[in-house]
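Going in written order, the chains are labelled A, B, C, D and E, and every chain counts its residues from 1.
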Amino acid sequence: QEEDTIKVGVLHSLSGTMAISETTLKDTMLMLIEEQNKKGGLLGKQLEPVVVDPASNWPLFAEKTRELLAQEEVDAIFGCWTSVSRKSVLPVVEELNGLLFYPVQYEGEESSRNVFYTGAAPNQQAIPAVDYLMNELEVKRWVLAGTDYVYPRTTNKILAAYLQSKGVAEEDIMINYTPFGHSDWQNIVSDIKRFGSSGKKTAVVSTINGDANVPFYRELGNQGISAEDIPVVAFSVGEEELSGIDAKPLVGHMAAWNYFMSVDTDENNAFIDQWLEYIGNEDRVTNDPMEAHYIGFNMWVKAVEKAGTTDSDAVIDAIVGVEVPNLTGGTSKMLPNHHITKPVLLGEIQEDGQFLTVWETDGLVAGDAWSDYLEGSKDLKSDWVELDCGNYNTKTKKCVGATAE
Amino acid sequence: MNPFKHARNWSTKALPVKDPNFGHPLDTSHGPILYVEDVSVSFDGFKALNNLNLYIDEGELRCIIGPNGAGKTTMMDVITGKTKPDEGSIYFGQQINLRELSEHQIARGGIGRKFQKPTVFEALSVYENLELATAGNKKFWFTLTRELTGEQRDRIDEVLHTIGLAQSRFNSAGNLSHGQKQWLEIGMLLMQSPRVLLVDEPVAGMTGEETERTAELLTSLAGKHSVIVVEHDMAFVRSIARKVTVLHQGSVLAEGSMDQVQSDPKVVEVYLGE
Amino acid sequence: MALLKKSVCLWIALGAFLLTLPSAYAQSPAEPDFPTLVDELASGSLSKRGKTVEAIAATNHERAQTVLKALLEGSLESTRSDPRQVLIETGTDTYVLAANGEAVNADNLGRTKRIPIHNKLRSQIKTLLAQMNLSAADADVRLRAVEQMISDGVDGDSIALLQQLKADESSSDVQDAMDDAVALAQLESSDNETRLNAAKQLRGSLYPEVRGALQIVADNDSESSIRAEAQRSLDSIDSKLKMFRLGENIFFGLSLGSVLLLSAIGLAITFGVMGVINMAHGELMMIGAYTTWVIQQAFPNQIEYSLFMAIPAAFVVSGLVGIAIERGVIQFLYGRPLETLLATFGISLILQQAARSIFSPLNRAVSLPEWMSGSLQINPAFSITFNRLYILLFGLMVFFALLAVLKKTSLGLKVRAVSQNRPMARAVGVRASWVDAMTFGLGSGVAGIAGVALSQLTNVGPNLGQAYIIDSFMVVVFGGVGNLWGTLVSAMSLGVINKFMEPFAGAVLAKVLILVLLILFIQKKPKGLFPQKGRAAAD
Amino acid sequence: MLTQRLLTSDKGGMLVLGLIALTCILVPILNLAVPESSPFHVSTFAVTLLGKFLCYALLALALDLIWGYAGILSLGHGAFFALGGYAMGMYLMRQIGDRGKYGDPLLPDFMVFLNWQELPWYWHGFDMFWFAALMIVLVPGILAWVFGWLAFRSRVTGVYFAIITQALTYALMLAFFRNEMGFGGNNGLTDFKDILGFSITADSTRIGLFLASGIALMLAYLACRYIVTSRAGKVIVSIRDAESRTRFSGYQVESYKLWLFVFSAVLAGIAGALYVPQVGIINPGEFSPLNSIELVVWVATGGRGTLYGAIVGAFSVNYGKTVFTTFYPEAWLFPLGLLFVLVTLVLPKGLVGLIGRFKKSKSTSKQEEQP
Amino acid sequence: MLNIQSINQYYGQSHILWDLDLELPEGSCGCLIGRNGVGKTTLLKCVTGLLPIKDGQIIFNGKDVSKASTENRARTGIGYVPQGREIFPLLTVEENLKISLGARGDGTSKIPDLIYELFPVLQEMKHRRGGDLSGGQQQQLAIGRALVLDPKLLILDEPTEGIQPNVVRDIGNVIRRLNEEFGLTVLLVEQKLPFARKVADHFYIMERGKVEATGAMEELNEDLVQRYLSV
């Protein structure tokens, strides 16, 4: 009987601090699985979702992963949001040779044989956004504001290196970190205002995470900093976050993503309709990580069909090169480094909490696991097809670290 | 000039004693074992003790009486280190400055106390209460690793009988009645075998018979120990008193034998009534 | 680009200026007419829309300002019909034609679409509007127009215009601003004398652009006397700025303190007075915040007043929940304070999950009423945001109200008696269980009120309570348990210390330092800032 | 004689200890020797889960010793657990050697990608197990000593103490979040490879760690029993009930509290050190004040002041969490929250109070039989 | 006024009061005596309702109050001065007195002058925290507090414990005055026989949870004392 279904693990926090973001992804997965089952399932079998709650607790993520892989024997896991949850899960997935599809933009610097990164790497979000600010808005002074953890730290490090390589002086970059859930932004916003009043065009690149955003934007609005004076480009603020904010004071601020709900394509409209129907609430929105799961899930389905089995090794071999349409009109492809190709869009926040696309890359950008702007990683390369290695040093021509075994 | 003021022999220097229990033998060569000199204590401006002078001789039994609020309990607080005085000096023997010591050091040094409101360890049994009070090394590592000696156990049994709680030895102290707690606390004091006993209202809540027994006990202790008793029960005081000190408004109002004190008009006015 | 913008500005400004002259000169016949331009707004790319906007401004049509404002505010919409009609939404489902202001019947319009603009366009429109506003009737509007000019940059050509306008200007504030604007432009003059005078004029001017421009002069000017003059002006600006920054910092600190106060004050009752270690305190605030949201949903057209409804509503809702908690659980736990920690922790989990189940895990958008938005601009370098100001005042009000309840009413006396000796209080006739329920309800209700205030600052979601619970306990304990004044002083001082530390330590380290200071402080005062005194407290 | 003192009149403790011992014998056999197809096979998942619970139980035991017996409520005990965990984590990081992603023989990955040039001084020595083991004991111990010395000397008690311990762990959490601290920031330490030369993912290593945790727990239990049944233990209880009276009996309350606190912190540190290799990650989340509060809840749920109650509490709450998060992922906080409420209302002595009730009703019936 | 019929009381497993009966006529002043631990305090707590009784009946003023809550008994006129005083330590003296006002039927918010007249020291210390007072001062405060609620029955548990002799005398006078002038019924526990003889008109000797002997005060002879009160 067990053989009748293919189990899919859904590993997203449904309680605790991350529930706010991750619950939607759980629903997305359930919707995608239901849809696939309507289409006749996979390999003639029905898909069976196994939902667990790792409760925003990182060690619990590892425990639940082991439970999913060893007890429930799921064939793939879709899950995680924060990098630390991924880091916690990673050793387990590798040990038990499972598959993890990770749908959130992240700091890069990682490539695992068992993980597929369907969110953006820094070169698919941060760098193009900065390019836009620099070239189109002629921004000369930069505030890099972030929550104090690895993703913002790394992203800002990459950005600072990148900006300096473009001739931005050190005193024209202001870096600021705040704790998780920071809610009192008065003096930081006032500092930004002061920093931005030197006469040079200034922009804020925000890697501020989660709940800290609402008080941040409120303070910006109240202190009279408008998007025309000092635009804020955020990497973690999407439609879902905006739906919890009174968006009026935010109008004109920007976000860089690989997907916006407002993108007018047939695939997207169909997806939105499906979502609204599934969730039964006209006011719900779609967002970038949802699209990432959509892409990841379809890639997995395609790879399983191609391999004719759900066996991990076979799927890992089959999935590289698989192409599926994304929701913004292009076709995303799984790359040998287990990242995918994605378009990069820049949007301005509108009053209704949606984004108006003001700029996008010409084609799709290939995700880069190892940043070209960091000293330690610029020589590294990931290729699970030819090199069978996640961190190959192109200088020494050796696969570094444990994966070499 | 305060007529009750003696002087400690200031020629002997104070010893820098950290733990008098293991330091030098107590120097009482000049008579008094306890010197309370010019001590003042105030709470939010209210003077509870006002230039108090008091000298207790070795082996003496001293009764202290005085109106409610005269500062008797506060005086005990000051001697045992619970309250730090604003001014004045308190010496134990010639050399040990009690003001520099903390509560446990004073207790180890040989000053034991029974509180006005009986305080025992409610969660422990009667036996364990006495066990804890037993004299000896009270450092953590010692109590952690050593059991009581047989001698100490015998002593506890003895005291249990003295205080009439032999039957209740395994009862938890919290369940004793008020009077029983009084007795237990006296028992704990006995276990500590201190040089000086401060006893605050020992017979409160006791029947006449029990009061008599307490009187006997305290008198028998005098001589070996110095005993300071605070009590309002005049019959009781009369039955044990040798020298009586009357406190009033934080200082000594009168001092002398029971008869002297009783006939002192000031004492009659503020304390005894006509 | 910047140059283009400037010259357009000037052009429009002149136009606007001329408007005040006899209207014969006003119309420029060669341009396409106004209605055509307005309809053009509906189509084409964003950059084309930019050009159209310029052209509209240049027509100086009487409705140009209205149309541009509508475009800026997002109320300019177009129909999907062909040809597209451009409309201004004037209220829910009521529209007027943009070009002439005629009302249209909303029923047969079909679906309308907002005409989108982006930042570039937005700032362009703002600049254009500012120029038109230079001669507005309202002095405030004129002042803002001049300020907009200052921030856009004043060039040589604007000087004449400003000087001319100044002659007729009635408001001295606007005149001063105009002087500054002129002087700012003159700093780039080639004439030494002009530059010197300009540098002198700008002494003490607080516009950030002024400081930047003076700095350049002070560093680079060829004349040493001018450099020195600029430096003197700079110094005077800097010393003023320093003062204002100090003021600003104190305000920031007090405002942070007021948030701490609000979040701690309910706890000061349930924990401080009653001794219940109430881990569900945060969730009671959360309930208050959700109540605010529900009220706003129920009365979508009353956003301006919704807070006034939300405050009593939140007090009642949270208070009732508090009473339910007290009657259902806590009343069985008096005399076992630590057990209340366990039970209320359980309750807090249940309430959080309940919020998730009822309102979804997503945050809810609570709007800021107009009067809570923006800031009180004292000068270009110092402003006080309204929401913070009101919350500060509100926090103090709640504090004093509560103080009065506890100190002046018999409830307050009974509460304290019950918490100090429950059996004895009953023996003198105090209905202890009633007092408990009321007190817990009061503390909970106040937590609910705090939730209303928080909804104006931060997220309204299931995690709201968690974010504040630790800070609340710290404030109460730091102030001294059982002392309401202690809570006030502790909240305010923690706020101010934090804000003075943040600039050089950073937000994260500042918080760490505050915690370390707190730990060390408790060594000095083991019972908080204002300890309970006396014999009873000592044992 | 000693065993008599430790175990008689501790039926509940003996039962719990026996169960742990039994688990320690059975689980390895059933995991390693019984084939997977057999219904008696214990999965590796179960082993890691149980191993984790054992560490939690040890932590709970540590807390119960100070809270249940000395009345010192620490709302920051998770800090000592986390510090022990970090010490172990640093050792495990150093064991990775050049098998990290960047292949740096010396620097852990997170230092490489933050561009650190050399190993910070406080990372030296952690390549040696003995040194790490020493630090696992010393770091929590010394922190507890300094903190306790300050606090107890100033007579900080009750909620004031509880809140500053909370401040301590909160401050440590924020500090460890910072990348500059050199402990991997928010991500913490992860990606461990082996311990004492054994691969950390091998079943036999897992069993080894499981056994180590079980044995540590049993030893710690006996040590705690030894303390609470000694005379010092009675002094400690008196301090809880009448601190100032204890002083007047000649006991230096501060030093009793201090040693007990330090011992408890060391136990917590050891628990953390055993925990980290079994869950594979240590990050600042472990310092979160909420974790420490939850810990208090375990102890209270199990039954405070009994030692074995803490173990029962840690196991039952965590087991409940594991089950609930799987079977009711969307609503599991309801049953868990309800559990806490009900335990306080119905079982004031915690879950082990149930045993007590049962025993009492039996013993009273016995008493009544007597004349 | 107070009629106690065969009540039983337990602390956990231990049976403290055994089928105890006691009758206190209106306007009388009864004194309970007995050795330590016989259950005097326990009995008083049963009367005030602080310890709910397991069986038996307590009739107060003609009404069965066995099931009434402590606060309601206070409101119907039972004033209680407990052993150990039980002052609210952090309330001021004045607040300690005020707290009882709520139990009076008349809704006054002023402390009756009588209280300060009886105990001038309370006037003096009005604004000090109750917990700071010396033992004797607290005892006076406790009696004052019980009087503020205008009781019909005043219950005092060892009111002279720890009180200076002249104040003991005063208290005795106060009790007698209240009893004689105001007709207040008084139930008193007292160990000091001279005081008891002076103040009370009835005695009740308790022994192991029962009232073993009772009668008018004059009937309390040496024999009874010897039998029940000596150790």
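FYI, a residue touches a chain if its C-beta (ideal position, glycine included) is under 8 Å from a C-beta of that chain, and two chains touch if they have at least 3 such contacts.
Just so we're clear, the structure is a prediction, and the values are computed from it rather than from any experiment.
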With chain centres set to the mean of the C-alpha atoms, which chain is at the far end from chain D?
E
Contact counts by the stated rule: is the higher one at B-D or C-D?
C-D
Closest chain to the protein's overall Cα mean, using per-chain Cα means, please.
D
Looking at CA centres, what chain is most distant from chain C?
B
Distance from chain D to chain A - Cα centre to Cα centre, in angstrom
35
Rounded Å distance between chain A and chain E, as computed from the means of their C-alpha atoms:
75
Distance between chain centroids, defined by C-alpha means - chain B, chain E (Å):
31
In chain B, which residues are in touch with two or more of the other chains?
43
Per-residue multi-chain contacts in chain D, two or more chains:
174, 177-178, 244, 330, 333
Find every residue in chain C that makes contact with two or more other chains and list them.
352-353, 466, 508, 511, 533-534
Chain A partner contacts - residues on chain C that touch it in the complex
1, 46, 74, 114, 116, 118-120, 122-123, 126, 151, 208-209, 211-213, 248-249, 252, 255-256, 259, 352-353, 356, 360-368, 373-375, 377, 383, 385-388, 457-463, 466-467, 498-499, 502-503, 506-508, 511
Residues of chain C that touch chain D when the two form their complex
277, 279, 329, 332-333, 336, 338-343, 345-350, 352-354, 357, 466, 470, 473-474, 477-478, 481, 508-509, 511-512, 515-516, 518-520, 522-524, 526-528, 538-539
Once bound in the complex, which stretches of chain E touch chain B?
11, 14, 33, 35-37, 41, 83-84, 121, 128, 132-137, 139, 158, 161-170, 191-193, 225, 229-231
Flag every residue of chain D that touches chain C in the complex, lowest number first.
73, 147, 150-151, 153-157, 159-160, 163-164, 166-168, 170-171, 174-175, 177-178, 244, 289-290, 293-294, 296-297, 300-301, 304, 330-331, 333-334, 336-341, 343-345, 348
Listed in rising order, the residues of chain A that touch chain D in the complex are 14-15, 51-55, 57-60, 62-64, 66-67, 70-71, 82-84, 87-88, 90-92, 95, 109-110, 148-150, 153-154, 157, 179-180, 374-377, 380, 390-391, 393, 398, 400-402, 404
